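Lettered A, B, C and D in written order, each chain numbered from 1.
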């Protein structure tokens, strides 16, 4: 399938809808699930949705900046996953739980 | 509207969404992780469709390879493969669905409103390593270096957090602490 | 002329403390006398000069000039002002002189004269001002002096109360007057008399309603100052002040300011028959009511006060009938004999060591012959003894009332008749019969010094011959109607007459007029004989207030008007004040404001519940927030 | 410029010298600016608009430190710089707070001068708030349980109003051609009707709270009653005038489009306030409270006069501002002296004070007469003009507002009666030179303006005509 071909048949809006749906699914997961690991995973999902959109725009507009941005996002996501999981392990070690609703100390 | 779309795109999109849903809904965390990895694969396939070959590969290596393995590793480490998560109430599910749905709606609406067709201006080969490398190491060299520092910081942080310490029972709620 | 008394006030007010008593008294007297002399000279210039001039106008400076609102500090000396000025300064001089003796042992003598001079100054501003605002200046000023002088003996709380009552009642009238002035300005675009009347004459406002409104508003002012129903109750209370004050302010001059105002605004009243009717009926009602109350008063000064109110009512009847000359005539004669009576009563009070109750007096004629004689003349004058001054002026009013409406004539005649009853009652009880006071031995009662009796004598003479200024025409064409001619002066070709419209010329046949006179005289005779019989021959003593029965009780309590006012106005006002203080201000408004503060607290408590520490909630809030932000940007 | 700085320096000097500073010296300090004001009058005259006398770039080239002078500014400068010496001479007790209050008063003088001279919106706002600081601290020195509560209420009230004004000014600023806070630039902004309602409303709120007009007045009585005399005098004599001055100088020119909308409301509220204050004053026992409500009543009339937008109303309002400053300070000074001598200011506990201090009695009486607006005292011409203007606007409202001349007589004379007259045992100590001097300055104002109100009218005439023109132009566009 050549490049021009897919551009002729798939509009940018389709990617927009796709990534929006993915994003919403990820968001729903963040809101709905209580397991911290799943939460982190859902965040990754949301990030990927954004990545997909960035790439789509980048390609459609013929500008590589979007892809560079995706690259950076991946970097940050990796760092976030590492630190997030480390924190999670620590929390688990202290509380024997990974349930976020258990963490209700975050108030003044 | 779907009829005009090429079959590969449709299939891919369908698989992506389906697996993403499974990530969210699966009771077993391990299944979730596996589904997520599958999602990443489909997204990588999208990248290929979009002529972003470099990203497709990086996505596979970094996400599906590194990050997701990390997740899986932690799951195993903490022995959370069982379905231990307490089920949230329906109310909470509805609230989450409404919130997420409304955001979806609004973003979609935003696109609809601002929906001027973006001029198609495809350029061959921007998704290749060569092209990206040029940009990355010229215009974006400073951010690139900064990400290196970020990684370093993340690494130090992760190590520091992971280090086992005594008496760091701060997060145990009072009642449990008084028990022990 | 005007500023002499002001000078007297300033000097007395500032330096008086260090001046010998007699000096401040004489200084005060001299300034007023000086004004009098100047007034006479100006008057001569006005009417004696060739060619005759309508008025002397002096503009001192611009008082206020804002946009189209322009008021000058200016004076106008015309024939009407002249008459008033002569009364004020003339009688003022006599009363000042009298006060030197009357007040000689009071600490605040200099203050007293300072106030008196200030009063004369304000009164002169009132009558000499060339525009309505100047009139208002003097108007308020005399109210103030009245307040100061009534409350002169400031240690007495009741006196202070009376003073405040006088001031406040006057202020109610002033408000009406002020509104009238605004309406005048709105309609005619000026305060200057000449300009206003010119406009009135050429019919700038061709609606009678406006003129009626102006006339009525001005009359409200006149009601306050000249003590007409419903604002008359302050005057009897004002008798708390020293007696010379009562004579000067509350009999001779200030209270006639209302009359002056109406005569001055004749042009406006002439266009509003309705307003004139109102003036007349209110005058009539006041006259009769006050006369009735006077019948049962035992305080010598209160009787005179009600008599003053009654006489003022008569003057307003004349004004209402359009007989301006008659009203002014009565102002003059009334000034003579009422000042005489007040000063006489002052002399009695002085001789009796500040006893004012006539039941405690009696038989004083032996001890105080001059006072007795002059008081008799005053009484005869006020009751209308033939050919004394009051006879002429009162008759003129009655005649004008008759031509206007026989019913009014009848009622006015009754009122005038009652005058005879209460005056003779007081006179006989005071000077005839036997001495009834047991606190002061009869021997200690003494005649007043010359300084006090001299003004009495002068005033007595004036009371006798005062009628000469405007003799009725049946006594001969040549000598009659002096005052009438004066007022009807047409401005010598220039456009500034005092009376814009020719007065109602009283055209009664001599027979009819003499018939009316006969009725008046017979009423007088009946009153004289009845009271003489009751109080001299039978030696009756009036009952104390507490012993009054039936109608007498109602009368001695002054128809309970004060009480009614208390219930109708004072109490609600105080109630409103309390309510506003305690409920509206403290509770409603303050708690509303504090409520906002408390609401803030409550809101913050509520909001702090949202921050429950659970990340999941925070997430939901965040998402909702983002959604809202986007939505706002979108739409 | 110097009139702003000198008092502030003086206040620092006072603090530096501490207890050693004699009263005459601080009074002298406070008298210096009025000489400068005289110089301004001589140099600048009162014609030819609002002339800049000092201009420096400040935050940016277009947000400048600009002070100007014209008749309206001049008259308020005279008022401020004549009354502050009076306050320092007569209003400050010789106790442990003396130095503090003196310094704060001097500081206030500088800030107030700044308010009246500022030609830049931001400067105006800053001085406006700056003036709030000293009065806040003066109020805090009061004794009593509720001290903090009352002060806080006062502070919040005025502050909220100020914030609304700031918001409006910033909105205008953002719409100026060159991002400038200068008066002329702000004025040149053309607003739509809706915009002007909000902008005008914000500015108006600040001023109405400060004046205060009816529903915003509840800070007033408590603050007046509990503040040390110097604070009360500053508040009633000068600070209230800030609000009225603001209406004339800032509200009318900046948001003339909104006047049409606010006019009936403000006049209605003002007239209600006139009656309301007067009615409450009738039954007050505490003299300070009585005068506070009488002040409410009088000032509301001024606000009503301004909003009639007639010549008589505008110029009468300036005249009456000046006059009310004198009278209010006078009455509070009288009360302060009575309280110092007898230890109370409750009417029921006083009486007979006239017996042994005639001089004091005369001063009291004259100031009372001025307040009652008897002819030949200063209260009369202003009240006449204001009532006239309200009359032009609406006859019935004028009648209601006119009732104040009756009520005012009732409560003022009631106060005089129960404090000075009657039999009482209290005495007022003989007046000291400083008190006599303070009264002297006031009495000159009372009598002088009573006879020659035109002097003040002439000074402000040009400024007011200018403002009137702007307003009528804007209204001409609207209709």
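Definition applied: a residue touches a chain if its C-beta (ideal position, glycine included) is under 8 Å from a C-beta of that chain, and two chains touch if they have at least 3 such contacts.
On a predicted model such as this, the values are computed, not experimentally measured, just so you know.
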item	value
Most remote chain, CA-based centroid, reference being subunit C	B
Most central chain, Cα average position	D
Cα-centroid distance, subunit A relative to subunit D, in whole angstrom	63
Centroid spacing, where centroids are CA-atom means, of subunit B and subunit D in whole angstrom	66
Computed distance of Cα centres, subunit C from subunit B, in Å	98
Subunit A-subunit C separation of Cα centroids, rounded to whole Å	95
For subunit A, residues contacting two or more additional chains	27, 31, 34, 103, 105
Numbers and ranges of subunit B residues touching at least 2 other chains	92, 95-96, 99-100, 103, 107
Shared interface positions of subunit D, touching two or more other chains	none
Inter-chain touch pairs (all)	A-B, A-C, B-C, C-D
For the subunit A and subunit B complex, residues of the former touching the latter	1, 3-7, 9-18, 20-29, 31-35, 37-38, 40-42, 44-45, 48, 51-52, 55-65, 67-68, 70-72, 74-83, 85-95, 98-99, 102-103, 105
In the complex, subunit D residues that touch subunit C	153, 156-157, 215, 217-218, 221, 276, 279-284, 310-312, 315-316, 352, 354-355, 358, 362, 369, 374-376, 380-381, 384-385, 387-388, 391-392, 395, 398-399, 402-403, 405-406, 409-410, 413-414, 417, 420-423, 452-454, 457, 461
Subunit C contact footprint on subunit A (complex, rising order)	27, 30-31, 34, 100-101, 103-108
Footprint of subunit C on subunit B - complex, ascending	92, 95-96, 99-100, 102-103, 106-107, 109-110, 113
Residue ranges of subunit C touching subunit A (in the complex, touch as defined)	608, 611-616, 618-620, 623
